[in-house]
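There are two complexes below, and they share chain A, which is joined by chain B in the first and by chain C in the second.
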Partner chain A sequence: MISRRDLLKTASAGALALLMAPALIGSSFSRDMTLEEALKEHLGATLSDLTQSDKVRIKAPTIAESGANVPVQISADVPVEEVEALYIFADANFNPWVTTVELSPMNGEVFFATRIKLAKTSVVRAIIKMKDGTLLATSKEIKVTVGGCG
Partner chain B sequence: MHLTRRDFLELAIVTGAYLTANPVTALAKMDYEDIMRFKPLGNVTLIFTTDIHAHLEPLYFAEPINLVAPKKLKGKPGYITGKDFLRYYRIKPGSLEAYFTSCVDFPKLALKFGKMGGAEYITTIVKTVIEERGRDKVLVMDGGDTWTTTAIGTFTEGKSVVDWMVYTGYDLFVAHWDYTFGKEIFLQRIKELEKGGCEFITHNVVDELWGDLVFKPYTIKEVGGAKLGIIGSSFPFTPLANPRQFVEGWSFGIREDQLQEFVNELREKHKVDAVVFLTHNGLPLDLKIAEVVKGIDVIISGHTHDVTPRAVKVGKTLVLIAGSHGKFVGRIDLHVDKGGIKDYRFKLYPVASNLIPPDKGARKIVERYRREVAKKYRLDDELATAEVMLYKRDTFFSTWDWLVGEAINDYYGGDLDVVTSPGYRWGTTVLPGQKITRNHVYDYTAITYPEVYVLKRKGKDLLTVWEDVADNVFNPDPFYQQGGDMSRLWNVEYEIEINGPQYNRIRKVLIGGKPLQENKEYLIAVYGGPPPPEEAILPDYKPVPVYDILIEYLKKRKSVRVRTKPNVKVLDATYKTYEECYGG
Partner chain C sequence: MARIGRAIVRVPKKIKKGDVFKVQMVITHPMETGRRKDRHGKTIPAHYITKVEFFFNDKKVTTLHTGPAISKNPYFAVMMKATESGKLTIKYEDNKGGKWEKSVPVKVS
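Then we have the complex of A and B:
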């Protein structure tokens, strides 16, 4: 969950450039694609180019209270000066790309908190693109339960 | 005495027990002193109950025949039942302890040892321990699911239970079903508890929008000269498992990162000597917490109703859980000094109502509320006789749930294809030959949202829901489970591969004996879950409380024999039947 402090931290990160997926900003534009296609489009990379790293962390519920509004916090234990951008992908979404956040030293640290939409249970990935081109990544499964009339 | 007179006399004559002052003592080869025997240790005693489910009066409650586990968790505490349980904990079959902890021969042993639990007996145990140790050395805590799911709990809006808790001297509390009275009543009861000296602690409920803590996450107590930090956790999936409206605006979750921060805060800032975690998380989940969160000394778990006669050790953390329905009072004595916990001794006291003297004050509280509720809801009316044992707990199937399916279908004119409800772990047990009273019906169904809804659902949508629930039950990672049993499905048969792929475990579904058709619309009745959207409820079928349907049906049936054969075939794990535990 985003604490008020965290939210302010995010909001005050003036130099933070944000691109959001259509699903997130409610645009009707959407196109089905696979994770591989999304990675290629936004990072010019494939899954095997990602380096799994425990320096990158995702804080998110294991089971979402609502798929329409899932709080996700990404942080990474790397100097922000060495980071170019932070990416979030959700494998099972119709368009897996969720957001790209360009970071600058003014951000102070690698930290980003937001709420994302999940169409269904999905692996959510955080990818940190370093200036040297390395892609540090981690992932976490977030379940979206249909629940209700079970 | 809670045995029927005839059964009891037979037993007493056969065993010679009738010659003794307390025949149950003779049968159990045990008396009150044996139950209470405990060699005190160290400077701190924690007493705990959990999942009493508002059973202020003694009851029969059979442990489950099955707790079917995903392969990774098989054989771990939380997934051991029946004869395996007795072997694992070296408990003598046929003994009082066996009766309390396993399903083996339950109906037979019930006649011998009588009812379990009951507020007035719990109070006796708690007060006896406090007296022996001194109030300053003891903390009394409850793990939630305490105020509702019986007539006396639900129809007094939890007040009966709260009065008893205050009288008994509870110090700490966390919650789950208790939230289903809605925020206003919930907060009112919390206030009453706090006025009586019992603190509500919960770290994992935050304001949905801002993320601010809603409750005090932890408390610090001086106990026996030691400084203890106790963190609380309410059921992490309350808004999913129960109607969201009751906790609107609050967000739950496991929040293990936050938990780690609080543990660190207690140790570094407050310099506590030991950290205790009081939870309603469920045993499997808490066993994982013990692995991933560093620095917790003792976890006192709840929710999954498991019985741990010995503490489970995960690294340096002790994990304990005291069963359900008031059947046990847990006690752990700790030797705590500046260096942490040096030694411990643990016991679950069986609340054998025939062997423990009642606490008069507690009895008075219960009797007052009982009288009121019994009169208004005619709790003692006998509706029918049970010809087989009616029970609730099992991974997939229970005689009680099948009976509910029959009753609901009958009520709606026999039109239904499916009756479904969540696999709750609470209820009661009605012995073969026992009269089913209205009180029994409420023991199984008295919730704050009892309506049965009739809807149409396509075959494929039903399957999606069932797969979803199956993953909440059989996910090998406890952080992704919800701690209940599988949905109860009347008129449905299926096969299941527990270790099959996520959302692809269920096979060969038959509805009314015919293969499920993906695009066919089925007429289904649901109750006990989050309510369906209003527009989905068919106007021709009026929502009715499930207990009203059952009461009418039982009156009509008079004698109740339902199938004991499960409607589910488990393909990749052992699945035991009624006869193997409860006899033919």
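Then we have the complex of A and C:
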């Protein structure tokens, strides 16, 4: 037979555990981020600092069968000597930052291709950081039928 | 997964001096985000490539900073300008301390 005291003890321990659960989850998972936060962290910029430019091109499917494997190709009609780095962001991902590519004149041209994961239908952004600090950007919406972020 | 960190690097066979050629690579890697659960409900720890560096004759060409949003068995392609023959070395590492290196010869005529 469980005494009243024991019952209260276990009940309060259980309540405490429930209270602490969100904190534990918060530490074991990477924190969800908004696009603005990700831009700030990686570029020190906000959305309004981006200059939309048709010199930057994204080659990617409009509809991706699986979000686990979306081919994305970025290129730009700017001299590679003036470019510092290239960034890819996916707005709807848990952490929108995908990759940062530091280029050098030895690359010959501004180009990068990879395969990325998309949690769901999302706008994918390519941002080119010029050496003078200008941020050239372009975006493309990719529709995803099956998400790929687990 | 077996053979984590194995890479295949591909460069064109015929490169003329002054050409811009494409370097393609695929690394065998699970790229776990740390968000997925196994069938017992346990979280699979994050395991992904964090950095990939391309060197040509020991001079750095490109650095990639990558996160879990890159697909499993990551594919990367960059362009390079052909100035001379030499050795292309790619160094890459993951968040669990794995470090690898792969070199391929580049012949420029």
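Heads up, the rule we're going with is that the second predicted complex is superposed on the first by the 116 of 150 C-alpha atoms of A that agree within 3 Å, B and C clash if a C-alpha of one lies under 4 Å from a C-alpha of the other, contacts with A are read in each partner's own complex, and residues count from 1 in each chain.
In this text, a contact is a pair of C-beta atoms (placed from the backbone, for glycine too) under 8 Å apart; a residue touches a chain by one contact, two chains touch by 3 or more.
As the structure is a prediction and not an experimental result, all values here were calculated from the model.
Once the two complexes are overlaid on the shared chain, A:101 sits against chain C while remaining clear of chain B.
Applying the stated contact rule after C-alpha superposition, one finds that A:135 touches neither chain B nor chain C.
For chain A, the partner touching the most residues, choosing from chain B and chain C, is C.
Once the two complexes are overlaid on the shared chain, A:61 sits against chain B while remaining clear of chain C. Legend: residue contacts after superposition of the two complexes on their common chain; A:45 is shown touching neither chain B nor chain C.
Of the two partner chains placed by superposition, A:92 touches none, neither chain B nor chain C.
Using the contact criterion defined above for the overlaid structures, shared-chain residue A:121 touches chain B, although it does not reach chain C.
Shared contact residues of chain A, touching chain B in one structure and chain C in the other: 71, 148-150.
On chain A, the positions that touch chain B within their shared complex are 1-4, 6-7, 59, 61-63, 65, 71, 121, 141, 143, 145-150.
Interface residues of chain A facing chain C in the complex, by the touch rule stated above, are 28-30, 68-71, 73, 90, 93-95, 97-109, 111-117, 148-150.
On the side of chain B, the complex with chain A involves touching residues 206, 210-212, 237, 239-240, 244, 251-255, 257-258, 420, 422, 453, 455, 457, 464-466, 468-469, 471-472, 477, 479-480, 482, 487, 502-503, 524, 526, 529-530, 532. Within the complex formed with chain A, the residues of chain C that make contact are 20, 22, 31, 33-37, 43, 46, 56, 59-72, 74-81, 83.
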